[in-house]
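There are two complexes below, and they share chain A, which is joined by chain B in the first and by chain C in the second.
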Partner chain A sequence: MDNLAIPPAAMRRSSLSGQEGGPTCRPIAGGGRFSLRLPPASRQPAALALGLDLEANINRAAVSGGRAALRLGPDEWLLLLPEAEAPAAALAGALPGGLYALTEISHRQTAIVLEGGAAADRLNAGCPLDLDLAAFPVGMATRTLFFKAEIVLWRQSETCFHLEVWRSFAPYVWELLGVIGREYAS
Partner chain B sequence: MLLIPCPYCGPRPEIEFAYGGEAHVVRAADPRQVDDAGWTEFLYFRNNPRGDHAERWRHAFGCGRFFNVKRNTYTDQIEASYRIGETRP
Partner chain C sequence: MTQAFRRAKGGRIDRSRTLSFSFDGKSYAGHPGDTLASALLANGVHLVGRSFKYHRPRGILTAGSEEPNALVGVGRDDAHYTPNLRAPQVELYDGLVSESQNRSPSLTRDYAAINDVFWRFIPSGFYYKTFMWPKKAWTKFFEPRIREMAGLGRSPKTPDAARYAQRFAHCDVLVVGAGPAGIAAALSAAKTGARVILCDEQAEPGGALLAEPDAMIDGVSAAQWLQGALAQLAAHKNVRVLPRTIAFGYFPHNLIGLAQSLTDHEGERDDAKPRGRLWQVRAGEVIIAAGAIERPLVFPDNDRPGIMLAEAARIYLERYGVLPGQRALIFTAHDGAYRTALALHRAGCEIAGIVDLRPKADGPWVEAARQAGLEVHAAATVTATRGRLRLTGATIAPIKGGSAIEVACDTLLMSGGFTPSVHLFSQSRGKLVFDATLDAFLPGAPAEACRVVGSAAGLASLQEALESGAEAGGGGTRHQAANAPVAQGGFIGVVPYHGDPGAVRAFLDYQNDVTAKDVMLALREGMQSVEHVKRFTTNGMASDQGKLSNMNALAIMSAVLHKPVPAIGTTTFRMPYTPVPFGYFAGYARGELFEPARRTAIDGWAAAQGAVFEDVGLWKRARYFPRGAEDMHKAVARECAAVRQGVGIFDASTLGKIEVVGPDAAEFLNRMYINAWTKLAPGKLRYGILLREDGFIIDDGVIGRISDTRFHVTTTTGGAARVLGMMEDYLQTEFPELNVWLTSTTEQYAVIAVQGPKARAVVAPLVEGADLSAEALPHMSMVECRVAGVPARLFRVSFTGELGFEINVPADYGQAVWEALMACGQPHGITPYGTETMHVLRAEKGYIIVGQETDGTVTPDDVGYGGMIGKAKPDFVGKRALARKAFAAQTNRKQLVGLLTDDPALLLDEGAQIVADPTQPKPMTMLGHITSSYWSETLGRSIALALLRDGRARTGERLHVPQHDGTARVTVVSPVFYDPEGARLNG
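The block that comes next holds the complex of A and B.
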């Protein structure tokens, strides 16, 4: 049999492909992700090129029309963009000779959305942060831990959290969220 | 669990951090001028005080930054945290 005659079925599969989820906890497939490192002098031209606010405080997310820049540290941003968007050329044009590092990590991570009145309680089963609204307001985004897995946690509304999980940790996080979810099943 | 004040992210639980040993251990500006005793002192000997201690921490599961903390090793009370390069309070 001629194997080359069969066209390859190249398609992107999330590590949570096939998981349905429910109304309070579901995986999100697709999406583009970039890790951006910038010195302070490059911040303004980069923000103009990307159309995103990079001056937000550390641990805050700047959202603009379905695109988001999560500031994880003093010089580190996680860009969540539509899958087709490629910001490399725009950045290179805005920062000729400038110092920056842009790495595509779309396939390194996968996303999970946790919703509902008990979302914070469910997260706190494995996340050591204080998720009270006063300490972790809407719009806050930070790297932290969920049990033993590193995650990026972003509070999108009072009762809705977005989790970015490394793909190899995703089944582990998903399984634990399911176990915790049983306690809160109505 | 300690609540460690990261100078970039604010107070965070200890589990997010990695300990980095004693702070302010300075490598010689010209390493060729350092004799064996000097290298031994630099590489292997650290203070082990009962009381105030300046130490490095890294916010490994957070902003990823190294910073310094002044902690009392007897009471575990953290008096200050400050960025790398700033003088010890």
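The block that comes next holds the complex of A and C.
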């Protein structure tokens, strides 16, 4: 199905569609996502095929243009790609033995961006990780919890976090971020 | 009312502003910086409560969180009301409304004070003995009365108007307590660059330094030093100081629970702002600088209003500029009370004398008192006190006997010395060691990365406190204290009082009204262990955790049992250190945010159509779609008929989905599921059954082979996470050699089931790139194509028994595709149906639901699916269990059958038992039970599925099902009630 055009954007409704957000917290619509699993031997050919650095340490994001590979485990990457990009064919060509797994999860989850000086503090309302810059530096990405929801948390800058949240948990996370955000309203 | 006991100057209060507050309906004045306790004392109010059991009048005893008597309810209305607050911890604000507790009708006239008259008849443990007879009186009379009497304060009935916040935090060093030791520790740790959190239960950090007019630290007054130290800490980027924050619990691996009060002190608080914040702090190291708590002396009637702890009185004087009374008698075994006496004397309070239990009263403090002209009674004791609502006098007698003196006094200030606050350390599982010179339990070997400093470690002097803090902080800082002479002494147990021990009440545990006599009674009754004595007498079991009473109780046990204190041991301290309102723990998890409400992409559409939803795990699923005034029965009947005769549309998005990908994908499924997967061709579907290791069904679902190396596995809605976890577990621990990877795709796809004879007519016009004919796409096959312009995995599958399709589309397109199908289905009368209709339709076909027809003890053969087992497979999860002889030998297992009632209108109760003869004597032999029971509109009668012993062999038998209203007669039939040949499926 890779070669077919993507349906019109108006047809795509995430579970946060209609939420506008503000300067410090907003949903990110659309986008393409893939779960990529690779044994060590497949890493280099896959990296070449994708044009993404897959040698970064675990829990680090490798960014290239508008594309990112978040390494969530020893053999697991979350690829965040432009919606139109379909990496299946390139990978199949690079790994003829099939020692990999690529699964599309573009719609499984949606994204929220949290920005500002209080972003880490707001996350710590429900995320038990140490978000000090020394412990969770820029470029770090990991699977974690936000209250009762699993999220992938990626620090894009000192004050900017990108959250990946499963579709049906996103309204719960969004509402909680709103309630917590009001604690910072002057 | 004027503040008659407020001094003109001194203390840390702001006299330029006056605050008005009320207590039991009466208005009083106070100042910013006051607590409710200090403001009441400034107005001469000592009587603030009635005791728990005897309803004795009680006054303010302490100046801190250890307060056992002055428990008050605070709040302007029920939604803002908090009971059982300790008055010395309640910060005063303008308009504060407070009330006393445990009294009716008023503090001065309390009917239940009758208990105090009959005190001899209600000794500790009386309730274990008294209410045994007559039996009925317990439930009808005693229990309701006792419930009314027991407990302090009233619970608000209105939902809490406050919001609560929560935070996780990490630090290198958490310092608990901002007294001199804690501040020195924080300064020292901050110097190393460590991330430091310093918390303190009071509004102002400083601890003992807040009532320290004499001492000098590093060449300046204690107050100046404190100000400078706090400024230094505030300037450190890595230091966070949390005032009004109680470290209430010490959890494993240095996780500390903190409860920070945020707006309680602000008065008419804004409910949009959180009232408090629960912190969960993970600390590299914990430095406990919790201080020490002054002990009361245990002597007859030591609980009258006007009797206070000596250090507390000094704090009220020095910090709040308040005199405790006009004429104070001091009763002590510790030098600290001399300091109080001297300070009060200087401030103009008459000192009626200093009674010192110690045989030889000497040393610099005693000398100073004598020089000031205060009368010191050495080797003396207090044998009685007088006064009902306020102390009026006391009797002093020499310990060795001899003539007693009566003295008049409105205040008695006592000190038995100081007990190190080892609660948090004890919670951390650190061992306590008894120090005989101090008569105290001190922190011993720690079990966590924690250190105890200052007076919490038994260090008496300011210099030692500062040094121990600075050393623990690791920054090599040094401090020099001057003009801070050490105060020594102490006493534990009951003081000598020359009276009949059975005739007096000397209170140990003020909050639970436990006397020395109660402990002696417990010992006479045969209790030997400190834990038994605690439970028999309830000593130390109040919310104050025995902060004031534990050591005195141990000393009494020690004396009676002739054992040293360490041989008796001490009870464990439990969290919370002081009570924490429930709201802190609930935090944000209330109302809609209590749990995530998971909704599908089609949920909004269904809600707009008026669907009725049901909870399935965290999911909200449309149960039925009523039209007009339809009830569930009518709506389901209509929906069932629509699917059987025309076409229905159903949201199956919540089904769990797992993408199994890799060269060994088929082999992995072979090992997990009972079925054979190797020969399943791409484009084909198969119904799979998953067992646990013990051979019982745990999940099921249709699995599609997308390609040689890719499977689309579906699971039950509730089993999605469990099955993925189980698969990962096996993959990583049992089959690490397999090249296969698992990804949850439950939420990637919206799943739309279109079912019924007209299903193809509805779906086909929207499909690009696939032929839906029965030849090209037979039952149990799938194709990748486009539906309504959206890439889809189109499954030809049915859980209804009709021709059907399940269309998997990326979830964000789910609603658009659903709407396209609805539009396309309009001419065919397409009918949305919910989970209830789905359940009926599948039951008509005898399809099981895991968790309904199965209960964790059901094998594939039990439900008639034994034939699905891949016989040639060397292994699969559960295979060895099924091969056990015990299974083979069982001839009488419960098997899935259908049941038809004689009365076609009768609906059997789900869960009801099945018997052969309803007239047999009880207990009856039960043959099985009903698992599903529905009205079948299709068949025009009721149907039921059941698990029945040897059920398949009983087909045709007539059995009985006892119901909630009589016994139903049933006939055993095949579980497939409708279209047993499956002709409709293959249409």
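Just so we're on the same page, the second predicted complex is superposed on the first by the 175 of 186 C-alpha atoms of A that agree within 3 Å, B and C clash if a C-alpha of one lies under 4 Å from a C-alpha of the other, contacts with A are read in each partner's own complex, and residues count from 1 in each chain.
The criterion applied here is as follows: contacts are C-beta pairs under 8 Å (C-beta built on N, C-alpha and C of every residue); 3 or more make two chains touch, one makes a residue touch a chain.
On a predicted model such as this, the values are computed, not experimentally measured, just so you know.
Of the two partner chains, chain B and chain C are each touched by A:Pro128.
In the superposition on chain A, contact of A:Arg108 is made with chain C only, not with chain B.
Once the two complexes are laid over each other on the shared chain, residue contacts for A:Gly73 go to chain B alone; chain C is not touched. In the superposition on chain A, no contact is made by A:Ala88 with either chain B or chain C. Number of chain A residues touched is higher for C, counting chain B against chain C. Using the contact criterion defined above for the overlaid structures, shared-chain residue A:Arg143 touches chain B, although it does not reach chain C.
Of the two partner chains placed by superposition, A:Ala41 touches none, neither chain B nor chain C. Touch criterion met: A:Leu176 reaches chain C, while chain B stays clear of it. The contact surfaces that chain B and chain C form on chain A in the two complexes overlap at residues 128-129. Listing the residues of chain A that touch chain C in their complex gives 1, 4, 7-8, 11-15, 35, 37, 39, 75, 97-109, 121, 124-130, 132, 135, 147-149, 166-169, 171-172, 175-176, 179-180, 182-183. Residues of chain B that touch chain A in their complex: 1, 8-10, 12-13, 15-16, 61-65. Those residues of chain A whose C-beta lies close enough to touch chain B in the complex are 58-59, 72-74, 76, 128-129, 142-145, 150. Put simply, chain C touches chain A in their complex at residues 163, 165-170, 195, 272-274, 280, 282, 588-589, 592-593, 595-601, 618-619, 659, 661-663, 709, 739-741, 743-749, 784, 786, 789-791, 810-813, 815-816.
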